[in-house]
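Following this line, the structures themselves.
There are two complexes below, and they share subunit A, which is joined by subunit B in the first and by subunit C in the second.
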Partner chain A sequence: MVQDYVFPGTVEQAVAMLAESKGRARVIAGGTDLVLDMRDGKITADKLVDLRAIDGMQRIVEHDDSISIGASVTHSQIVRSTLLRHHAPGLVDACRKVGSLQIRNVATVVGNVVNGNPAADAAVALACLDATATVVDEQGTRTIPFNELYAGICISCINSSCQIVTQISFPKKKAGEGSSYIRMEQRKALSLPMLNVSSKVRVINSQFQDVQLLMAPVGAGPQHAVTAEDFLMGKDITDENIRQAGVLAREQATFRSSAVRGSKEYRIGVLPVCVERALRAAIADAQEG
Partner chain B sequence: MANLRAVGKSVDRRDGVDKTTGRALFTSDMTFPGMLHAKVLRSPHAHARIVSIDTSKAEKLDGVKAVMTHKNGPKNLFNAAAPMFLTVSNLERVLDQYLFDEIVRYVGDEVAAVAATTEAIAEKALSLIEVEYELLPAVLDAEEAMSENAPELHAGKGCTPEGKNIPGEIIRIPYGDVEKGLKESDVVIEKSFTLPIVKQVQMETQSAVAQVSGSGDVTVWSTTQTPHPSRAILGQVFGIPASKIRVLAPPYVGGGFGVRIGLSGLAEAIALGLALQAKRPVKMVYSRKEDFIASDTRHPATVTVKLGAKKDGTFHALDLKGIFNTGAYCGFGTELPGVCGAMTLAIYRIPHQRYLGHSVYTNRTSSGAMRGFGNPQGNFALEQVVDMMADALGMSPYELRLKNIMKVNDPWCLPFPCLSTELAECMKQASESIGWEKRESLKASAPHKVRGMGMAVGTHVSNAWPFCVDYDNAYFTVQSDGTVHVASGVPEMGTGVCTSLIQIAADAFGIDMDRISLSFGDTLTTPFDIGSHASRTCYAAGLAIKEAAEDARAQIFDYVAPYFDVTPEMVSLQDGYVFVSSLSDPDAASVVSLDDVKEHKQSKVSLENIAYHAHVRNKQFISTGKIVPKNAPPWHVCFADVEVDTETGKVDVLNLVAAHDVGTAVNPMIVEGQIEGGVVQGLGYALTEEIRYNDSGVQTHSNMHSYMLPTAEDIPPMKSIIVESHDPTGPFGAKGAGECSLVCPASAIANALANATNIRFTELPATPERIFAKLHPQN
Partner chain C sequence: MNTKLISFVLNGEPVSVRVDPFELFVDVLREKLQLTGTKKGCGEGGCGSCTVLINGEAVNSCLLPAMRVEGTSIQTIEGVEDNGELHPLQTSFIEKGAVQCGFCTPGMIMSAKALLDKNKSPSKEEILEAVSGNICRCTGYVKIEEAIEDAAKTLRKAAVKGESHG
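And now, the complex of A and B:
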């Protein structure tokens, strides 16, 4: 039962407030998942620590080489951001797909990641962007690579009763780079993805240089389609190579069947075409400049 | 026809401002001093016997005021749906349910109920009830439930001897000689179709507040669509005379779509049972999950069509069969298969027809009424076979339908005549709107997409006869200031009747709508009415009000005629003024008092003056309307334009057009709302909505998150077209309008999918997964 709801003014204060509650306090960053989980008894807390009063947390910041998204930045802010539309169009598309407008106005991108759901839209889109998370706790500040944020299926490495992810950062788009996000869904709003794919490519002379290809839900957090990534490295951009990447991703994918979100067979069946579409969209973004 | 001043106009809804500003009251808003909150313990098992139940810890919890189980609940068998009270005289009622029973028959069945001072205490008390179950074999599938080894759900409680687990009786509609007709046909097509469980998902969940007075008078605020029948059902459940029970809405009901024709789930009975024990008001509001798993769904069904036609496209024989899974309790399980047969057979002029249909008990949530009431299931099957027949004959589906659709006074299987149809005009206008002539040359938006168009046609009813008891009444009072009060037993559940019935009253009587008030949805202040369902409210209650208005008008004419020095037939009433009928321009006529009109024959007298004139002479104009409605078929079409992503199975509906012949559209804006809402529900039925079960009999789709209602973003461009006819049996020519819109959309979308993909989808919903599986059988 929540007894207290606090708005610290600095990150240090927030960390101290969590520490003094010795595990009985929790960060709330939006709360569109947390409140439901608390009502269902899955999570309990005596105190909720809301980060919105901390200066800077609610901003998308452009640095020389990177962009950072503060802990209180909502999905709606991302959707409206022209900066991100240019540097991370897949992330914008992913955020537009979350919940409904009311939910997007409240739900935060960092919360979407820390919740730990492997197929969370924003998380899958960020996973291909070489993103890092800035984590603060009593021990200090650390930067953790995105793929180290997951401890298991729907389990985050972040302990929200003592740690705060203050921002997620990723490099700005460089010449020849492009990214994308694709999801399969049962309806256009208020639906979790049946599966999703994100991709980032660097294209030089019509060849794939760096390729990031991620898919979910196939494990703890978004998973790299490693064999497909390796296969594409240095290959020409051809229909055949793109198709082959889809086939390789399928061989690696280990979907499970869900009575609500689709069968394993269907997810495996449409994964190749989702991979193809993600790659084509990322290539188009790269060629657009 | 007298000048229509209100009927046919899109006047603003009377409930509009209150509903859009949050002032309108619903049952779930009600609160009373000392009111308790009820919570229900529900079965986790699909079929089990309660070996022991210990409520002592719950009873001791501070704040708990009443606990009810099968040990202390009422022991009268009932049917929670309206057939308990509205079964026609040639059928036997199926009474198969106790409020609490020692056998639980589906996951969600009621085991115990608690009333406590807060919801949290009631919830906590549930966790303190100790129940020991003996698991019984469960059966989920209808076919399996009819097999020899299946467990019997309701032995000795009104099952037909013709088959196992079949409640009531098997419905047969014979017409002509179907075997002969099929033999004489040049082409015969047979196909079976599978329809899913879908839910009404009305906005307000099942709710009731029950209050018992010191003298034993019972008041129940309720979300029911049928206040008067619900009063009768409660009376029989508890053995209380109906005259001591008042059922009402406060005054609005947050939607229905058929889910509470009879009791609202069991909310009224649970609240009343606990209120009788606790001697305090008790409120029972279903959670959305409870609404999903423990109140009626649409019947899932298997429908088989065998259609025979001559080479020239003339339909010659139709053999139809429908098996409906009615779940744990019968509800409408006897009536609904009959409506499916009758409505599906009534679309086309076919000399040889036969229908066989029935329900089957299984260990699932009970199925019951949902907008369309069996008609969408049959329509989906027949309308796809009609398209298959068109393909087989090399005809266009449009021309084939046009050749065979019912015309005025054509013979059919229904016990009332078809006196109006503008179906052909509906087809014409809808096809023009969607661009049907381009069907053969449609272009998809991408190489991996295919596009198609489909259509479907159908009919429905304008009241419940001959499937249920149906008659109606109205009170009509001209008050001493000349304004009018009307009382009708129907509730306002969002369909706009508290506006449209006043439009009918205004024109039937001859007075402005603003001078009429309406009592509705309350058994104490209104005469008996069977409720708001079967697309009947405007039609049947409207007829009763019209008759009452005409009676009151005649009383006034009798009263004023001597003052005008004419006979009663020679006066008229319009816009609140009485004048001699020969008056050329009543609007421009001067106003005089009744005592002076003899000297001023070219003048008019106000109702206000007449009513007061009568009042001070000890007279008031009061009338009743008492009608037995005939019935009339509304007609409707839906056209769909779809695009299918062949690589993923995903469907984009590009356009939906519906055209409806609802007779006279009493309020066209409300009719358009009815069409649009139903078409969107049909879109969900076609593509996304479905409740499934796991092997243990647990519902896998039991909340808004998993149940895929279309969202605002999913709704495609839509057009609603009203094609008016004039049905001689309805008030001012009106017919039913509430349900039609949900009958054809799934059929039309399925035909469009077949047109796009050359694959016939026989199972709903046509999810990307099902479409992908058919497009890529190797994957």
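And now, the complex of A and C:
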């Protein structure tokens, strides 16, 4: 039973408030998942530490070479950001797909990642962007690569009773780079993705250079389609190569049948098409400049 | 339990109310402030019947800890009419047959109002996106979309004449 609800004014205060509760307090950002998990008894806490009042947490910040998204930034803020539309169109598309407008106005992108769901839209879109998370606890501040944030399926490495992800950052788009996000869904609003794919490519002289291709939910956190990525490196951008990348991703994918997300067979069937669409969209973004 | 006094602006009037630390705002509205126009449907952010505006943005009050309302401006369906005169959205919902059982209507109108307060010439896609988090099991949505378009038209005419609808 929650006994107290507090609004620290600084990250240091927030960490201290968590620490003094010795594991019985918990961070709340947007709360759209946490409220339900607490109602259903999946998560219990004596105290909720709300990050809303901490200065700077609500901002998307452009640095010289990177962009950072504060812990209180909502999905709607991402959708409206012209900066992110240029540097991370896949992330904007992903955030537009989450829940409903009412959810997007409250739910945070960092919360979407810390929740640990492997197919969380924003998380999958961020996974291809070489993102990092800034984690603060009593021991200090650390920067953790995005793929090290997941401990298992729907299990985060972040312990929200003593750690705070203050921001997620990723490099700005460079010449020749493009990114994208594609999801398969049962309907356009209020639906979980049946599967999702994100991609970032660097295109030089009509050839694939760096290729990041992520898919979910096929493991703990978004997973690299490693064989497809390796195959595309240095290859010409052709319909045949893009198609082959989809086939290679399918061979690696290990979907499980799910009452909510669809059957394993159906999702394996449509994955190559989603991979092709994601690659084509990332290439188009790269060529757009 | 550390109950707290929260203060905020509700439908234009300052209010203070004592809440439990994890009380949800929809329950505060309905049980403590007796504003039962805001409906509680699914209770998990899936139906939109509890939609209210917080600083002009539509949110699900069933997922909103009341503590987060401190210092904000809230509008509920009870605050949509202006001095006893229905808002054009309310008039259009009635005239266009966009109300059947009526349970979704307060939430539907709040979502539509969040849109029209910012954009009085929305496209069909923008209207549908604005109410995509609101489920209606009666109307099939066509009448609702028509009503919002009609209200937008009324608001545009009023803007030309210099009238205001808050």
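The criterion applied here is as follows: the second predicted complex is superposed on the first by the 289 of 289 C-alpha atoms of A that agree within 3 Å, B and C clash if a C-alpha of one lies under 4 Å from a C-alpha of the other, contacts with A are read in each partner's own complex, and residues count from 1 in each chain.
In this text, a residue touches a chain if its C-beta (ideal position, glycine included) is under 8 Å from a C-beta of that chain, and two chains touch if they have at least 3 such contacts.
None of the values given here were measured: they were computed from a predicted structure.
When the shared chain is aligned, subunit B comes close enough to touch A:184, but subunit C does not. Once the two structures are superposed, subunit B and subunit C can be ranked by residues of subunit A touched, with C on top. Residue contacts after overlaying the shared chain place A:100 against subunit B and subunit C alike. In the superposition on chain A, A:175 makes contact with neither subunit B nor subunit C.
When both complexes are overlaid on chain A, the residue A:270 reaches subunit B alone and has no touch with subunit C. Of the two partner chains, subunit B is the only one that A:262 touches; subunit C does not reach it. In the superposition on chain A, A:5 makes contact with subunit C only, while subunit B stays out of contact range. Residues 100, 188-190 of subunit A touch subunit B in one complex and subunit C in the other. Of all residues in subunit A, those touching subunit B in their complex are 100, 184, 186-191, 259-260, 262-263, 265-266, 268-270, 273-274. Across the interface of their complex, subunit A is touched by residues 647-650, 688, 692, 694, 700-701, 704-706, 708-714, 767-769, 772-773, 776, 779 of subunit B. Across the interface of their complex, subunit C is touched by residues 1-5, 7, 28, 31-32, 35-36, 38-39, 47-48, 50, 52, 76, 99-103, 105-106, 188-190 of subunit A. Those residues of subunit C that touch subunit A in the complex are listed here as 1-2, 4, 20-22, 24, 43-46, 48, 51, 57-60, 63-65, 67-68, 70, 111, 114, 129-130, 132-135.
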